[in-house]
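To keep things clear, I will list the structure first and then write my remarks on it.
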Amino acid sequence: MTENHQHTSLKERLRKIIFNDDSPAGRRFDIALTIAIALSLVILFVESSPSLPPWLKSTLGWMEVVFTIGFTIEYIARLYCAEDRRSYALSGWGIIDLVAILPPYLSVFIPGAQYMLILRSIRFIRIFRIFRLFVFLNEGELLLQAIGRSFHKIAVYFLFVLVLVICLGTLMFIIESGAPDSSFSDIGTSIYWAITTLSTVGYGDITPVTTAGRFLSSFIMLLGYTLIAVPGGIVTASFINATNEPVRNNRCPRCNNKVRKSDKFCSQCGEKL
Amino acid sequence: MTENHQHTSLKERLRKIIFNDDSPAGRRFDIALTIAIALSLVILFVESSPSLPPWLKSTLGWMEVVFTIGFTIEYIARLYCAEDRRSYALSGWGIIDLVAILPPYLSVFIPGAQYMLILRSIRFIRIFRIFRLFVFLNEGELLLQAIGRSFHKIAVYFLFVLVLVICLGTLMFIIESGAPDSSFSDIGTSIYWAITTLSTVGYGDITPVTTAGRFLSSFIMLLGYTLIAVPGGIVTASFINATNEPVRNNRCPRCNNKVRKSDKFCSQCGEKL
Amino acid sequence: MTENHQHTSLKERLRKIIFNDDSPAGRRFDIALTIAIALSLVILFVESSPSLPPWLKSTLGWMEVVFTIGFTIEYIARLYCAEDRRSYALSGWGIIDLVAILPPYLSVFIPGAQYMLILRSIRFIRIFRIFRLFVFLNEGELLLQAIGRSFHKIAVYFLFVLVLVICLGTLMFIIESGAPDSSFSDIGTSIYWAITTLSTVGYGDITPVTTAGRFLSSFIMLLGYTLIAVPGGIVTASFINATNEPVRNNRCPRCNNKVRKSDKFCSQCGEKL
Amino acid sequence: MTENHQHTSLKERLRKIIFNDDSPAGRRFDIALTIAIALSLVILFVESSPSLPPWLKSTLGWMEVVFTIGFTIEYIARLYCAEDRRSYALSGWGIIDLVAILPPYLSVFIPGAQYMLILRSIRFIRIFRIFRLFVFLNEGELLLQAIGRSFHKIAVYFLFVLVLVICLGTLMFIIESGAPDSSFSDIGTSIYWAITTLSTVGYGDITPVTTAGRFLSSFIMLLGYTLIAVPGGIVTASFINATNEPVRNNRCPRCNNKVRKSDKFCSQCGEKL
């Protein structure tokens, strides 16, 4: 044992503040940290603006240095007082904490790396811990589970949409590219347009001008109108099953066939369990 | 008792007209009031137009004064003849009624306060009372309950969307900001663009021009296409449960576990009851 | 009896062709009629174009006269050979048939009345009869029933959306109207913008330029993203109930309370049956 | 038997590589083929760009010739070693494989035919076979089944939407065409606008400028907001039924009436089984 008693007690007090958000000190620490993260993001946003007066630019630069030093100290403290340093450093939260301090150091070597600072925003999820909203985190997990269970269906659906937009985009290029003032300059642009239209985003930077092109566009829009319903149906069906079937572990969610807990796929319909 | 008999009877007749919408006089009063509210809103809308001839501007000004006096008298009358003045003044409807008359007075001190007049639109909900459409109000309450029950899930979802648009917006800024004629001038604008795209609104005031930017945009659109399904799934599942589970009070809505009426959360899965 | 035997037989043969779409002649008549309706609509579409050569304009004018005479003869024939003239003339189909021939006559007196021709498009529904697709008409009726059952909820929802866009539009006008180059010229325009944004249409003809305006827009977009889920939830819940509950007549669709067939509302929850 | 033993063994080895994707050689062949298809599509996309330097244009032209020869050899090899040549040539995959090699040959006679190359993208579905993701293909089939079962309802719905946009487009043309700077030049354009708005795409190339036009637009947007929910409801109800009703073959999916396996339609409600 290389650390003396005093060190251990400091470590334990630190651990109480940093990791134990039930104590009043830990709570205050968490609130201060969230505010610091928010501020450092605001600095990054303001700094990205091209027309800043020089004095503001240098002030923001100095503030960023301060925050970087602060977050670095915090990371070292976390590493120092963690019960199991290795498992903290390799845990999801540990990696996020590390990634959140690296960008300013990396930006010395790689220009633009400072924008990786944005990954600090992931630490906002901590907000639920501050307000004791563990129910929310629980809900988030259930959400992810429901989406995860419909992942297969959504993947197939997306490949279908991809093939569709490639075909529709090319068709549109053939129809529109000949027209004067056409904005369908090449197939890549046309596929981009097809995705914009099918997803009902519709920027309007590229729009059909010929009658045939508008006919096809109308068809694509009505198709998108229907297709937009499909992921909704998949996810909703998954949510409803998640809500109604508490004994999910013993029955296949799709075909209701009895399954064993050790099964990975339903023996009747191949559904992933 | 400070009020004599004659006053009491006047008070009671007034109360019958103002608060009791079952009597013919009360009904006529409610209809007149709704028309007056609609007219005062139309005046506000027309007044906001910058290119009005002076005579119309002054006429509208005078009409607004008349309406303000009218609504003030109505509020005083309501306060005067309410069975319990204090509880009326502090009730939801009482506060809305007060807020609806204050703006013109406040605009003397605070410029722009006159636009708070718009809060009068909330009083439109009274329209259901005029037409005896209490079933509608009942439906509205059930709607709110269903949405309220899924509030936790939607809150988690929105925090996730927020972190996502911050990251995607910054990524887009890195990709697009170097291009000539780029409209991605700073990170804030890029995040605004990411929200516009993910929500499938797609104004088209900011659009990607580089190939890499269009690739990322296409990905964001298809992502938004899927994400748009999630709140739908949450709300729909909630509606279906609201419709199908009349014994909700004795069973957990999520895991069907038996719960006591005094329970606030399900003892098995932590669902808020 | 004023009509002789020969007339009656002509009448009956006509009736077989016009009303009985099971006979080969009736089938051919229905197909010809649908093509004629489509052609007359195409003529109307082409005629509306401002830059037509004079010879095409006059040709289309003549064709329209021919179609008008043809549809008028068809209506007279229908009226002549209907089993019960009065009930045909006053039935839904009878009124549509009449309305479809009136516009060209009305356009002599009322300019622009010729565009009412568009109501002929309603006669397209006849297409299902041609192809014996009665199942489709049956589906359509079930769709309307499901939507009809959720009408109350949707009406409440729309009043809520209306009050919301009035408030948000005014707020946006206060924020944006002062900015140079602002397209938020008056409250009416701002409310129009709020509807465009909340419904995720997003034309982009009116867009915020101030930072505060973009913040509020982002909030409105994310709100619209969630609100768009509500009608979906209402309609889906209605569809699922329509599909799952064949004994709907004996149970309240909302609270499952036993109801009598003669009941108009559920005695427990007030749901319209 | 016209083929000698040596030929048969070559044929069998080829068949193992081309058709049997379980063998290591077959797997490598499938991966190489997918990469070749992707590359040939990328060449097509780049070639469509109008501003290419001549050397790149000719290089891409040569590469396309190489790929065309390669895919032709592959098709001949498939045909040669197929167990049943006729049934392969006429199967879905066989036709896709043929269509994928024809365009370059056709483009000699028909200009523009080279863009049919895009149909090669359909062969991407093969990607699931490479990664042994048969579960995905299974999901895709279930998706198609669920959509197929709601085809009737969606067809009726689309005819309704078509009649609606024709009527709304014409109404909008009447309102807007008189205004200066109106982009509603003819009825066809107005119907195109109505589809753009109702589907919430909202390009913004055509926008209303009059007050009446904006009123009608707002109404159409809110209508589209509700209508967009209908296909969602149809598809979701279908998914949920697909998930919850394993004994679908013995019960009508709509009215739960007992049906025989040989029945094509439910005897009680006419639902197609």
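The first chain written gets the first letter, and so on, giving A, B, C and D; residue counts start at 1 in each chain.
One rule holds in what follows: a contact is a pair of C-beta atoms (placed from the backbone, for glycine too) under 8 Å apart; a residue touches a chain by one contact, two chains touch by 3 or more.
None of the values given here were measured: they were computed from a predicted structure.
S.K.: State the superposition rotation angle between the two copies chain A and chain B, fitting on C-alpha atoms only and giving a multiple of 5 degrees from 0 to 180.
M.R.: In short, 90 degrees.
S.K.: Over half shared or under half: which fits the residue numbers at the contact of copies chain C and chain D, same or different?
M.R.: Chain C and chain D contact each other through largely non-matching residue numbers.
S.K.: If you average the Cα atoms of chain C and of chain D to get two centres, how far apart are those centres in Å?
M.R.: 29
S.K.: Could you please state the distance in Å, as a whole number, between where the Cα atoms of chain B are centred and where those of chain D are centred?
M.R.: Spacing between the chain centres: roughly 41 Å.
S.K.: Can you tell me which residues of chain D touch two or more of the remaining chains?
M.R.: Chain D, residues with two or more chain partners: 188, 191, 200-204, 228, 232, 234, 236, 240.
S.K.: Taking the touch rule as given, give the residues of chain B at its contact with chain A in the complex, in rising order.
M.R.: 152-153, 155-157, 159-160, 162-163, 166-167, 170-171, 173-174, 177, 185-188, 191, 197, 200-204, 207, 211, 214, 217-218, 221-222, 224-226, 228-230, 232-234, 236-237, 240-241, 253-257, 265, 268-270, 272
S.K.: Considering the complex alone, what residue numbers of chain B touch chain D?
M.R.: My answer: residues 200-204, 232, 236.
S.K.: Going by the contact rule set out above, which residues of chain D touch chain A in the complex?
M.R.: Checking each residue of chain D against chain A gives 41, 44-45, 48-50, 112, 115, 118-119, 121-122, 124-125, 127-128, 134-140, 142-143, 146-147, 154, 158, 161, 188-189, 191-192, 195-196, 198-205, 228, 231-232, 234-236, 238-240, 242-244, 246.
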